[in-house]
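Just passing along the structure, written as structure tokens.
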Amino acid sequence: MLTKLEQQKLFPLASKDNTNKDTVIRVKDVQFGKEPIVIAGPCAVECEEQIDTIASFLHKNSVPVLRGGAYKPRTSPYSFQGLHEKGLQMLSAAGKKYNLVTVSEAVDEHSLKQVAHYCDIIQIGARNMFNYELLKKVGKFSKPVLLKRGMSATISEFLTAAEYIIKSGNKDVILCERGIRTFENYTRNTLDLSAVAAIRELSHLPVIVDPSHGSGRRSLVTPLAKASLAVGGQGLMIEIHNEPSKALSDGFQSLDFSTFKNLLLELKT
Amino acid sequence: MLTKLEQQKLFPLASKDNTNKDTVIRVKDVQFGKEPIVIAGPCAVECEEQIDTIASFLHKNSVPVLRGGAYKPRTSPYSFQGLHEKGLQMLSAAGKKYNLVTVSEAVDEHSLKQVAHYCDIIQIGARNMFNYELLKKVGKFSKPVLLKRGMSATISEFLTAAEYIIKSGNKDVILCERGIRTFENYTRNTLDLSAVAAIRELSHLPVIVDPSHGSGRRSLVTPLAKASLAVGGQGLMIEIHNEPSKALSDGFQSLDFSTFKNLLLELKT
Amino acid sequence: MLTKLEQQKLFPLASKDNTNKDTVIRVKDVQFGKEPIVIAGPCAVECEEQIDTIASFLHKNSVPVLRGGAYKPRTSPYSFQGLHEKGLQMLSAAGKKYNLVTVSEAVDEHSLKQVAHYCDIIQIGARNMFNYELLKKVGKFSKPVLLKRGMSATISEFLTAAEYIIKSGNKDVILCERGIRTFENYTRNTLDLSAVAAIRELSHLPVIVDPSHGSGRRSLVTPLAKASLAVGGQGLMIEIHNEPSKALSDGFQSLDFSTFKNLLLELKT
Amino acid sequence: MLTKLEQQKLFPLASKDNTNKDTVIRVKDVQFGKEPIVIAGPCAVECEEQIDTIASFLHKNSVPVLRGGAYKPRTSPYSFQGLHEKGLQMLSAAGKKYNLVTVSEAVDEHSLKQVAHYCDIIQIGARNMFNYELLKKVGKFSKPVLLKRGMSATISEFLTAAEYIIKSGNKDVILCERGIRTFENYTRNTLDLSAVAAIRELSHLPVIVDPSHGSGRRSLVTPLAKASLAVGGQGLMIEIHNEPSKALSDGFQSLDFSTFKNLLLELKT
């Protein structure tokens, strides 16, 4: 049940006990761990026009962080795997043009170097949370890391994965709850908001929530986004697309612009 | 993934499609499905003094519904099993004295008759959600039913359990999400708030949340209560006790009076 | 992790520690806990001809126990619910005609009396394993009980459910592993054969396996039946049907006569 | 539920439909997919003496494959992480001395090259089954791959992971079931023997079973090993240690020599 002693043994650096204040991670003008931060963008960068359209929309709506995958860990080797370096260049250009912080996923040493070069934040995805070698490697970089919870990771294992990164030298770790795998199949995953409240108690690291992957259903994203902040989440990661029905991946869980604007409005009430 | 057709086949009476408005269930002055309703009380009725103290406290804090178990389905046959009819009498007396709506769990035909006699709402617990004979029987009573989700029940099975009750004649069913069983063991169960948002879409029945059983940890109850309402939950069921450390069951997840008052304050902000 | 002390506290009567030998339960000429026993039959008794055909087939193939549901706990209230007393009469008649031990499920007090009257063994199904009132009630009968594991029950809870029955007066409990609910959806449930090995260590009660419900796929039944005996299971419960494609319930997991004969052959090799 | 069409789309190369016979993978004198093969050895190579003692013991008992971890993906960064290249050298030396096939885990590009250099079979562990970049990389090597199922991977995802390897050029993939993560906590994982039977139907690749990690309990290894072969498993991977109580990792699930010899005897009966 994770006693104080076990916490100290498993994740001393990530544990709340070793610090008297929560960590705030500053990326340009964005401060994770202070005000709730919204990250939005497409599952995958598809072309210049797409990412420019989305970045422009985010800029107009004061959303400060743009996400977009260029290295996509897809279940099937026959699915679209991302645009790789070209995608990162497009993402970076859009970020600069609209003054947005950018985040993209790295999946191995090669992509790690590229993401660190082109983006402001390096994402480690759920499928690689148990990939300890990648965690050690990202720990050598000086850019903040957005670490997603593995779909079968306990809260304790999630924090111990963060420990790997911090122990390797990079203390700027933003945690992201994105749902766990359970018997329930109406939703793609079961978003575990208890984990967010638990992490706020156990660790000084900021924790955000991804209700898009967490539910896998467009219609559930807005209520879950509101709940994510209510439970103590310090930010959100939302999949949006200018034309969800034409998205190359995960369109079924992406919000269109109009729905996303409503979500932003609802968060303010 | 539960198409419209499957919904119609599995739970036509509980489905949203068959009505143009959400159900409001009135019990005395309390209306489930309208304003968020807070239900609170001890896991088990232990003695007159205990339930009177708690009922008085709820009355002073404008909490309208008192819960208290008299028939306790305990994992071990050697654990305290509740005070049975005497417990219901104590609960009923406290409810009348402080003008509170009362709810208690029924576990078979015998207790069903008693709970229906002494209380305003009949609770069917998580362990009996798949007990279809009990569902059919409670469907013959004219008192509202508070149906808790089984710990391994899918959303679809949960709504189909409600269908059993409605089909048997009792349309006043209040659903209660209380966590599902997963690999995560930091929490007692994994509270599935996606299910609440899903049920609001799929069904016209009111749905409330029990973050006490949902998390099994006192410190997580308040943040989860806030998230439960934010996600669309229409009420809360919270375990409280005048002296949690001396509770005969589930003390570790019960709030003391002071913490519960803070929870009520936080819900208002 | 279930220490000796916890076992003693939770299920002293079901625990191996309190006896120096495994329990053998004798029903007519059948001895559970001695030689592997095969139970077979349809999910539901559908008509006299069906159950007679199946019973005759079992008799010819030296399968000593006939199963057949008359009270069916179905997910949907709109599904076939069984023939009730008439079904039990048909089952009993077939059992007598072909000298087979009979077993059928009871789901409440009423059906309990009927099953005890017409059959040799009373089955408590997975959906009612946490229905402690039913466990207490079946504990008052003098016929052996076949207790199936709840789909979300831990091994410890399964044995504690048996404890409820024994503590109420009936020590003849046969346990049946039938799969647990997990994220895997290729199979209907995940058959937990580790639980069988664990129960052989922890308890003196006989334990059998139901690979039909455990897998929900006809083609997996035979290999899982072999594994069930190899791991230490003391019997099998197999769904068979003279015309699986026309079965009123669970036909997709029922074996036809020819496949079942092959299964019996394979068990002998 | 994985129709033929979905199989063809997700894993055409791993699917049984595209070949008329099961794959046999030959490594020296060992043929996976023909006779049941036993792999045994310590969780981690700890020193020359340890691995020599174990290799000698295996040789004497006609066990043809020696396992031993040199790159250990441990939950905690503060746990023993393996001897790396030195460990592989020791493993390789012991393998040569006693004429044993060797297998060890690779966790990234660096260790991949080393394992491919020193060992006969490259293991990809459960934590890296979703690490698609590693799968693509191991697909470029010409040595057979032992791919373990991820602890939250469906059968379909497991076979699709194999597809990544085959599509990258390496068709010699041995699958290994090692348990999935469920709510049951008596065992470390829930060994899913249905998956073995399912894979025998769905794929032409050989599949073996690891009951040591699958159960996490020494006393359950032997019965589960027997069940693994009975269900159709084409081999076993067993953790053994000359002094389990002094093992640097996973000693609690390792068999001592005497117990392992009994296991081998039981497999023959």
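For clarity, chains are labelled A, B, C and D in written order, and residue numbers in each chain start from 1.
As a convention for this text, a residue touches a chain if its C-beta (ideal position, glycine included) is under 8 Å from a C-beta of that chain, and two chains touch if they have at least 3 such contacts.
Molecules present, by chain and UniProt name: A, B, C, D = 3-deoxy-7-phosphoheptulonate synthase.
Worth saying up front: this structure is predicted, and the values here are computed from it rather than measured.
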Distance-maximising chain from chain B - centres being C-alpha averages: D
More contacts between chains, A-D or A-C: A-D
Centroid distance [mean C-alpha coordinates] between chain D and chain C, Å: 34
Euclidean distance of C-alpha centroids - chain A vs chain D, Å: 33
Chain centre separation in whole Å, for chain C relative to chain A (CA means): 47
Multi-partner residues of chain B (at least 2 other chains): 152, 181-183, 185
Partner chain A, residues of chain C touching it in the complex: 181-183, 185
Residue ranges of chain C touching chain D (in the complex, touch as defined): 1-2, 152, 154-156, 180, 182-187, 190-198, 200-201, 214-215, 217, 219-220, 223-224, 226-232
Sites on chain D touched by chain A in the complex: 9-10, 73-78, 107-109, 111, 127-128, 130-134, 136, 150-152, 157, 160, 163-164, 167, 181
